[in-house]
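Shared chain: subunit A. Partners: subunit B in the first complex, subunit C in the second.
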Partner chain A sequence: MTATGPTTVLLLRLAGPLQAWGDRSAFNRRETRPEPTKSGIVGLLAAAAGRPRHAAIDDLAGLGLGIRVDQAGSLLRDYHTVSDYRGRPLLAAAVNAKGTQRLTGPAKYTHITQRFYLQDAVFLAAIEGPAHFITTLENAVRHPAFPLALGRRSCVPAQPLVLGQRTGPLEEVLRAEPWHVTDAVRKRWGRRNGNAAHVDLPLTLDDPAGDDTREDLPLSFAPTSRAYTSRRVRHTYAAAPTGLTPHPDQPPSTGGHDPFALLGW
Partner chain B sequence: MPYLSRIRINPLRTASRTLLASPRALHAQVQGGVPTLPNESRTLWRLDADNPHRPELFVLTAGKPDWTHLVEQAGWPGADGEHYAVRDYAPLLGQLAQGREFAFRLTANPVQNTNRPDKPTERQQERLDGGTRRSFRLGHRTAASQLGWFLTRTARWGFDVPAASHLDGTRDDQDEPPRDVRISTRRRHSFGKPTRASKEDRVIMHMVTFEGKLRVTDPSLLTQRLLAGIGPSKAYGCGLLTLAPVPAKA
Partner chain C sequence: MPQRLFIDVHIVQTVPPANVNRDDQGNPKEAVYGGARRSRVSSQAWKRATRKHFDTTVPEPDRATRTRRLTSELAKRIVRDTKLERDKADRLAGALLTRLNLSQGKKASDTAYLLFYGNAQLDTVAALVSGQAHDLAALDDEKLAAELKDLPVADAFSTGHPVGVALFGRMVADIPKLNVDAAVQVAHALSTHETQLEFDYFTAVDDKTEKEETGAGMIGTIAFNSATLYRYATVGFAQLADNLGGDTEAALDALDRFVDSFARSVPTGYQNSFAHRTRPSLVAVVVREDQPVNLVTAFEEPVVSEAGIQAASVRSLAHEYAAARSAWGDVPVHAAATHTFASGKPGATETVEALTEAFGTSVPFDELRSGLRACVSAVLEAQG
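Right after this comes the complex of A and B.
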């Protein structure tokens, strides 16, 4: 965001069996956004750089972020019940004078919790910043100090995670990048869409003049004083190259019936 | 001189939501584009929602229409490209010749008339008891009877539907090869008339879209059907038969 010196873009491919990008979940219901959050990406970079939870992260949060949805994935609801195997009431959040947790007031024996995950999703995250800082971050992600996760500790990233550095504006980089999906998905999409050479993918870009806000810009990850603020984003679409060649005999038609085709024009 | 028009509709605008939801409202807008008096000539129209995000309205009018009001209310007035296209329909009518094959699409309201309904409603029973001879118009409600309605009438409309060549070897229960026609959408519409609230005064219609291939058997009969429409509910977007080139096999 700070426009001093040349900037480069680090491209990350966020893919894995499960991802979870919560931004305002609390208590027993843990939701996920359909796209990666900035706090999730900043947390991943901070973990790679080996920063402890209370370290300052304003340099990471100040980087520009763009997300491209290559494969939207589907939502998985994970239903849990939690209880004490000895049959005792569960502990309450409140503590007594000695600092130990009390038992729940009207005794409660089972917690019902729900966690939501995105399954089979692929996102492209572009992180823009000063060249030397981006190089440091890329090295950190290639040799992470702490294990990396896609939003929640149990969501392990698939390889390759780092696609390398690109030069140029964030939006141009995301438009030029080929479509990162598996061959089976590409072939199935091609069958349904006449093997079109381009596919429209949604983009979410950091933009101070954007018309939408996200409540996921982290100020601090310190366990005792977590804080977030909002950021402005802009949505658009990018026509990404699919790598397919349209069939010459079968143009990507208007869906079958065109009564104007016989009217001489 | 007939004209075929195609108007693109922006489904996100407030006015379009009303129009897409109500055949009555869309009928009024279609009639508003025709400068001649509405009762002097029949206007046929059809809403094609192949892509529900980009629905298209096809209208066949006797004279040249103007669709500026629809573009302003329900289109993309400032956008690039052609907001609506109006073309002379005569070149198509000139191409009709016996034996020629076309791809077709028709949205129709299949009905039958009977004065002996199996299970008469209260109101029908009243009329039967009153000794009225006039029969009742009942909608075909299953896909099989709707397709049957279509196939038994094609000869009267000047065409027939050839057997589906891509389904060689399959036979139906009468050992006949299946015809090259399918039902792409079926929908029951029910809407009230603005001045009357009573339940009996609701319009109830079954709108069915047939698609497939036809072979011309009688050009003059087909011309008549193309211009005058097929079946009832023509004001509510039924009856417009459109022809297109037969798609080449991949």
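Right after this comes the complex of A and C.
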């Protein structure tokens, strides 16, 4: 962040039956990352603000982003077929010298694509920027110009999407926020973990000195000149409040590494 | 141009044992939500069914077709308008469409991909040459190209979109100018309850079996499930009107027909085996000036069958709607519902009360549509 003046954090809760956050997939295999991408979040904000595809997005891409995984969800593979309704063979991907597409040989009639989704996941996205800009964006997400989606058009967000604004450094905001899962998941987790007061949730934060990179910083969404660049991120954990009261006679938690806790098992 | 205006459509529909949308194993599609396995019908599958129904209700000039035979469709119109011979019309149509720089398919008259176009758009292009078709047909290729150079062919395709394109969008990979962003957003349909995959084991008898032979001609299984689905779609009215060139009357028509087609259509997968076509037990429309609201959260905790799933599902939906309205304090402009629950029946009174509380008294579907239209018109007038 190079912005001057006070900054604020906008908290979004990204939840719904299905989400899809692709960062490099094209053509027949549409994958998803296990957590929201910056391009997906920027796209959501741009759609909310009513920006056409060719509009500049540097101001949005310049905002700081932190993602907290409240419920990791699981991967769903969706099988898709495409065929010519007249029963003709499909066209090949290759073109001849004249630039026309050849028919597939041997003739292929059904084209298969795979779409991957995240199912049953909940994320918190914290977006940090100049106070007045964040206020404008919050208003835009509450009154979006275009219907919003979680990475793919058919992935409609469940409400509430906007949790409001918070002050303070982005990482602190993500650490302080209570755990956003349903009561059923919370109770199940509590039974296995002695109703511990905190749960470790993975954080991925924008950080110029971070030790990992993501290829999902959008430069332009214009159909003719889509472009992305990389950003540096840092991973850590946040001990988020669970809202549960530990029983004094029980050990406070599993006390160690519990990768399945996130799944609510 | 209308400002923020969204029309949410919420449908609860029960599908008997069926396999409307299957995966590569032949099993009905599924998803996990709220930790429970659900039956799923992809948004693409239901959009296709909606689109096909939609096309049967639209008058001919407004229809959209997906085809590669654009040239011959255009040639037919030139012949119709000018009585030119067919081969000359073909050549003229080809020359007109080269202005679009569409990649050509295997046959000279085909485009390389299926193009979603409107009959009205083709009529417009044909009209561009109708006055001078005979003169143009007499020219050689070079002169013809020069004559046609300044005709606004691409403009005809990038404006005045057919209603189907305005609603569902269009994507032409190598000519972004012809792309149209869809005005409707359709979510995957999910069951309101946990479902189990069931298998129907079947044997087929060979009617001509010899006496000594025993056993079945073939055996197999079909997977199926039965589900009460929650279906959700939202129409961004501003974009719909924009896609239709700012014609709000046409957008109102499109909205009305979309609601009709979305409610009445069912994907046809395995239809002959299961005869699964049903009508919704609840259709609710909500007009909002702030944002679309998906009520799928009503079913995050799966509905448990007591005396059937349907009534419990719609009660859950009604409560979610009412709770969201009071918690967020944003009152929708309009809400109405058509449902099939009758308060006279035992046990149904509570359901009807919950629905009435949330969406008002049930109205026949025709009235729901006319009420929606009247409401959206009124909002547009108020917005100026």
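Criterion: the second predicted complex is superposed on the first by the 234 of 265 C-alpha atoms of A that agree within 3 Å, B and C clash if a C-alpha of one lies under 4 Å from a C-alpha of the other, contacts with A are read in each partner's own complex, and residues count from 1 in each chain.
Heads up, the rule we're going with is that a contact is a pair of C-beta atoms (placed from the backbone, for glycine too) under 8 Å apart; a residue touches a chain by one contact, two chains touch by 3 or more.
Owing to the predicted nature of the structure, the values given are computational and were not obtained by experimental measurement.
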Review point. Of the two partner chains, subunit B (first) and subunit C (second), which one does A:Ala239 touch, if any: first, second, both, or neither?
Key: neither
Review point. If you stack the two complexes on chain A, which partner ends up touching A:Asp120: first (subunit B), second (subunit C), both, or neither?
Key: second
Review point. If you stack the two complexes on chain A, which partner ends up touching A:Ala131: first (subunit B), second (subunit C), both, or neither?
Key: neither
Review point. Hey, is it subunit B or subunit C that touches more of subunit A?
Key: C
Review point. A:Ala56 contacts which: subunit B (first), subunit C (second), both, neither?
Key: neither
Exercise for review: Report for A:Pro157: first if it touches subunit B alone, second if subunit C alone, otherwise both or neither.
Suggested key: second
Exercise for review: Answer with first, second, both or neither: which of subunit B and subunit C does A:Ala92 touch in the superposed model?
Suggested key: neither
Review point. For A:Leu75, is the partner it touches subunit B (first), subunit C (second), both, or none of the two (neither)?
Key: neither
Practice item. Check subunit A for residues that touch subunit B in one structure and subunit C in the other, and list them. Key: 264
**Study point:** Footprint of subunit C on subunit A - complex, ascending
**Key:** 16-18, 53, 73-74, 76, 78-80, 84-85, 91, 99-103, 112, 117, 119-120, 141-149, 153-160, 182, 184-185, 223-224, 264
Point to revise | Residue ranges of subunit B touching subunit A (in the complex, touch as defined) | key: 4, 6, 48, 50-51, 58, 85, 87-89, 91-92, 95, 102-103, 105, 211, 242-245, 247-248, 250
Review point. Contact residues on subunit C for subunit A in the complex?
Key: 4, 6, 23-24, 29, 31-35, 38, 42-44, 66, 103-106, 112-114, 176, 179, 181-182, 185-188, 190, 232, 234, 236, 238-239, 289-294, 296-297, 300-301, 324, 328
Practice item. Please name which positions on subunit A make contact with subunit B in the complex. Key: 247, 249-250, 253-265
